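So, here come the structures, one by one.
Below, chain A partners chain B and then partners chain C, in two separate complexes.
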Partner chain A sequence: MKRPLHRKIGFVVIILIIIIPMIFPFLWMFLSSFKTQVDIISWPPKFIFSPTLINFNKVFNEQNFLLYLKNSTIVGVLSVGFSLLLGLPAAYSIARFSQKRLSVLILVARLMPGISFLMPWYIVFSRLGLMDSYTALVLSHILIALPVVVWIMSSYFEGVPREMEESAMVDGATMQRAFVSIILPLSVPGIVTSTTLSFIFSWNNFMFSQVLSMEKTRTLPIAVYNFMSYAEVDWGGVMAAAVAIMTPAIILTMIFQKYVVKGLTMGAVKG
Partner chain B sequence: MIKSGFFERNLKYIFPLPALIFVIALMVFPVVYTLILSFSEWTLTSGRPITFAGFSSYLKILKEPRFLDAVGRTFYFTVGAVAAEAVLGIIIALILNREFRGKNGLKFILLLPLVATPVAVGIVFNLFYDPTIGFLNYVLSLFHLPQSGWVTDSATVLPSLMAVDVWQWTPMIALIVLAGLAGLSSEPYESAKVDGASSSQIFFRITLPMITPTILTAVILRAVDALKTYDIIYAMTGGGPGYASETLNILAYKYSFEYFNLGQASSILVFLFLLVLLFSLGVMRLRKRFEL
Partner chain C sequence: MKKVFVVLLVVSLSFVLFAQGQTESAQQEIRVLLANHPYGELLKESIGEFEEQTGIKVNVESLQESQLTQKLTTEFATGSSTVDVFMTRPLQEGLLFNKNGWYAPLDSYDFSDYPGNTVDIGRKDGTPFIVPLVTEWQVMYYRKDLFEAAGIDVPTNFEELEAAAKALNKDGVAGFGSRGKGAAAVTQLSSYIYNYGGRYLEDNIAVFDSPEAVEAIRYYGKLLGNYGPQGVVSMSWENLMPVFQAGKLAMWTDASVFYGQVVDPAKTQIPAEDVGVAQLPRGPVDDSPFIVVSWGMAMSSKTKNTEAAMKFLEWATSKSLAIEGMKSNITMARNSAWADESVRAMMNPGLIETQAHAAMNGYPFDRPFMSAVGQARDLIGEIVIESINTKGMSPKLQSLATEKAKAVNDLLKADGEYGMK
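Moving on, here comes the complex of A and B:
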């Protein structure tokens, strides 16, 4: 069925009305990151200007941005890794033995505001001398990643037919053996979904690092925020920092788009 | 018969145990600790030890106008932002619910705000909102409209912050509803067409009732998250100007980590839990009812 031309054009216009507001902030951030402070504060706002790398140079060479990048990566990778280690067996057990209460507990962890754990953590971690340590940050970020893993994987495991591991067990394998060698390989798409999403949520988290980290383990969101706290905002620098922090998450989303959509629409949203 | 060892017989306890221990240590324990602190008087900076104080923290908080204002703002922010997201999200989903070239690219664009770092998003919007150099006041001036103070004016700060939340999270509702629409069976539509139903009849009598459970779940999940909004507010205004954008989360943060007034901070937190718990129960009820 072919649609008439004027309806096609109308549809394109409607799509543009949806897309432009979505994209414009990214575009403006990107453009501003290549502007000098003079170009940024000029009125009216400039779309045409001579681009400069001064902001990126400042972010990566004068600020300790590479350290924060490393910190964010370490915390993200470790917390997601541990969350998979803890979460995969738990999710499997929830799916196979219908452990409703456990799944509710994990759901509550997903829904609770982070600020409600932060004060007790602060007290305990400072007593233990763990402030500004990777340990404290990774532990806190596991609480972001674990619910995502359990939520996504338990419904994924429910979809894996029981016959798969039953036939392996008839062949003499133990249940834990069947889990590792049969179920997990079948669940790679689910694991990719939960890994990508929980890494992005850890990457974007601001509040936990704001309280638990200082100079040594500071993560990117805090570093970006700190750019704002000078008397006169260095807009170019902040925008370059914003570009730097968003690029990895956007690249991950580009690679794993299908999985990210699936994970988000399952309702396991935002850490 | 399959031989089963100790590990295997107790798999249903052993498999979830590490995760359970972790959640108890890092979530259940802090919540209980906060509950205890909320019945005590303890200011970290005072150097005095913790003392039992009954309901005094709660009474002090309930008499504190900043707390009551924060409760009001939190509801205003949540209801306003989520209502706008629901309406816009459903409209976008209905528009996109057809096959066209570039649909995948468009879905990618919808994902961008969802994965963008909230703190950075807040800062980018601060540049838009800046009263003297911001893009939005420039647009207003093009139409000869009066300039706005946006986040620097206590009259406009909350709607301005809500707009950022709407920008970031409308795509989530759109994607969830879109997934819901894709899963609908085509049968009712075919028989409706045979019966000669108009397209608005089809929407209100068939589509809407069928996707209502999806919409409700999406909206409640979103509401729980909106209730917790912290990053963009803290990054954009820090609760200001004055206290004009101080929501419960921001207030709890300040009581905890700026004033170190742990007793009263805990009673604010307990209030916040109860609120979230109430919403969460709503989520679970709905999931049960619609078997999602």
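Moving on, here comes the complex of A and C:
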């Protein structure tokens, strides 16, 4: 496709105008994570400075971030895993048998303010001796991940032609077999989408982890606050921690982004 | 297929359950919640010694202060909290916690080494519930070099303060800074109100619409509106301190707690010898800055390990740790810590002087002391912002103050605290 030069330039300029305000905070965060406290507060801001790794050293050596990284990963993977295990069949059933009320019910669980769950959970988990355990966190994070899975996947399954499984059943497969062998492989883009999104929601969740986790199971979003103490904020540490937290999420999104877009639009136009 | 799912689910869930393992509980254990605070750090470093001496295992957790409050509130509200000892902010959450009976009474604790008014904050019906840890008071940080260059003296009263702010407000340096961000400003404004002869509450009735208090708010707004840094109405300490550290502020009134960071060469661009600490200038009526207990320590009323918890509390608030705290620039509440010679030798004289002045003449509240303190601060904050935006000239400041005072009184009535004492 050939375009005249001035239109190309115009296109680039417009893209830059849109992108710069979005990129700028990230750039600022990224640069600040390599600055000393003095450089961070200096005015006018310094864009050329001698970079330091002191902040990352604090994040990974003084603050035990690897433990928090491990905790977030365990909680994220397990809660998304269980959500897929429960959510995929549920979504399929909702799509096939038009169980609208059920799907609304699941959505309501997501719409309710999270804090209303916390008190009952705290009571239950502390009576069961599950405080500071992955079980409590995983169970609570399923509440975040499951509705995402069900909602994305039920509209996705509706888009899969019914003839596909009918022909499988004509060949003697049970409905379950058709679901596992025909529908699921066809729905990989949707599954990837819902997995990515629900993982990120779990990764970023603050409120549940704050109350239900303790020192051993503390997750990353809580740990950022380790750099904020009474009457003192270690901005360099906060920035470095934010970079460390965002990097896995960004990489994950970049790898799967083509699926995400496809998965989100798939249910929109039913073929 | 269904069966496979169910089996998978059960197996994997129980795997998670058992993966935790069980800890042997023959040893006495307590759970302690600390704040992200220099004193909390100090305690964490020394807890090993306590465990060795007593054989009690201490599980510590430290959290940022608003998270700490939220976590404590959630846990205590469920009635099944496992917290034994915790750090607490008497002025922020003390009333609420006390009203709900979440603090354990501390009759057996020896309070003789503490200033009386610091202990009174944590009393209910005469019984003490909070051990004061750290105090802070209003001071004025200033740039000695700028004062010298301009050939003026450090202000000692409010007229001089205004004149100095005007004289130093040049060359990209703001003459005067103090918190302007609504609710956050309430604590720093308090000393100005006291020096004008006003109060936030009198016998638990809101009186900040008195002519004295309104005059103080007007003065505060005039200074900040005319000589404050740009955007001061959205600035709290976390925004003002960097401005001061970057050398863009000539005078800054805020709590004494920031002293250490203002002179730390790793955090500031101005040399430590150019930073002065002075008391807040005297007002037209009074000379009474706030001095408050910013942090205390308490025991949970739900604790099942009273004896071990009390042992920990006594150790964590001991005199020797208080002296260590003083040496790392933490302004402790214990009298003896201030009298200690080794401490006095290394403390900034400005800090010692202003503390002595505030301890003698200060007023032990920096905000309306009530359960709904957060909402009250928001309401008062609106008056502050109106005053700053109009440089103290707003004609409706008085009517706004009257309206907000009424709203705060309604809050007091709703909590059954109106007119008490």
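The rule we apply is simple: the second predicted complex is superposed on the first by the 241 of 271 C-alpha atoms of A that agree within 3 Å, B and C clash if a C-alpha of one lies under 4 Å from a C-alpha of the other, contacts with A are read in each partner's own complex, and residues count from 1 in each chain.
Methods note: a residue touches a chain if its C-beta (ideal position, glycine included) is under 8 Å from a C-beta of that chain, and two chains touch if they have at least 3 such contacts.
No experiment lies behind these values; they were computed from the predicted model shown.
Undergrad: After the chain A overlay, clash or fit between chain B and chain C?
TA: Pair status: clash.
Undergrad: Thinking of the overlay built on chain A, is A:Thr36 touched by chain B (first), by chain C (second), by both, or by neither?
TA: second
Undergrad: Figure out whether A:Phe49 sits in contact with chain B (first) or chain C (second), or with both, or with neither.
TA: In the superposed model, A:Phe49 contacts neither chain B nor chain C.
Undergrad: Touching A:Met239 in the superposition: chain B (first), chain C (second), both, neither?
TA: First partner only.
Undergrad: If you stack the two complexes on chain A, which partner ends up touching A:Ile15: first (chain B), second (chain C), both, or neither?
TA: first
Undergrad: What is the contact status of A:Pro25 with respect to chain B (first) and chain C (second): first, second, both, or neither?
TA: first
Undergrad: After superposition on the shared chain, which partner residues are touched by A:Pro89: those of chain B (first), chain C (second), both, or neither?
TA: Both: A:Pro89 reaches chain B and chain C.
Undergrad: For A:Val211, is the partner it touches chain B (first), chain C (second), both, or none of the two (neither)?
TA: After superposing on A, A:Val211 lies in contact with both chain B and chain C.
Undergrad: State whether chain B or chain C is in contact with more residues of chain A in the superposed arrangement.
TA: Touched residues of chain A are more numerous for B.
Undergrad: Looking at the overlay, does A:Phe60 come into contact with chain B only (first), chain C only (second), both, or neither?
TA: neither
Undergrad: Can you list the residues of chain A that meet both chain B and chain C?
TA: 40-43, 85-86, 89, 118-119, 122-123, 174, 176, 211, 225, 228
Undergrad: Quick check on the complex: what are the chain B residues that touch chain A?
TA: Residue list for chain B touching chain A: 2, 4-5, 7-8, 11-12, 14-16, 18-20, 22-23, 26-27, 29-31, 33-34, 37, 92, 95, 100, 104, 106-121, 123-128, 132-133, 135, 138, 141, 167, 171-172, 175-176, 178-179, 217-218, 221-222, 224-225, 227-228, 230-231, 234-235, 249, 252-253, 256-257, 262, 265-266, 269, 272-273, 276-277, 279-280, 283-284, 292.
Undergrad: Can you name the residues of chain C that touch chain A in the complex?
TA: Touch residues, chain C against chain A: 1-2, 5, 8-9, 12-13, 16-17, 19-20, 35-38, 40-41, 59-65, 67, 70-71, 74-75, 77-82, 237-238, 242-243, 245-246, 248, 255, 257-258, 261, 266-269, 294-295.
Undergrad: Give the list of chain A residues in touch with chain C in this complex.
TA: The contact residues of chain A facing chain C are 36-38, 40-43, 78, 81-82, 85-86, 89, 118-119, 122-123, 126-127, 131, 133-135, 138, 174, 176-177, 180, 210-211, 214-215, 222, 225-226, 228-233.
Undergrad: For the complex, which residues does chain A have touching chain B?
TA: Touch list, chain A to chain B: 11, 14-15, 18-19, 21-23, 25-26, 28-29, 32, 40-45, 85-87, 89-90, 92-94, 96-97, 99, 102, 104-109, 111-123, 139-140, 142-143, 146, 150, 169-170, 172, 174-176, 200, 203-204, 206-207, 211, 220-221, 224-225, 227-228, 235, 238-239, 241-242, 245-246, 249-250, 252-254, 257, 260-261, 264-265, 267, 269-270.
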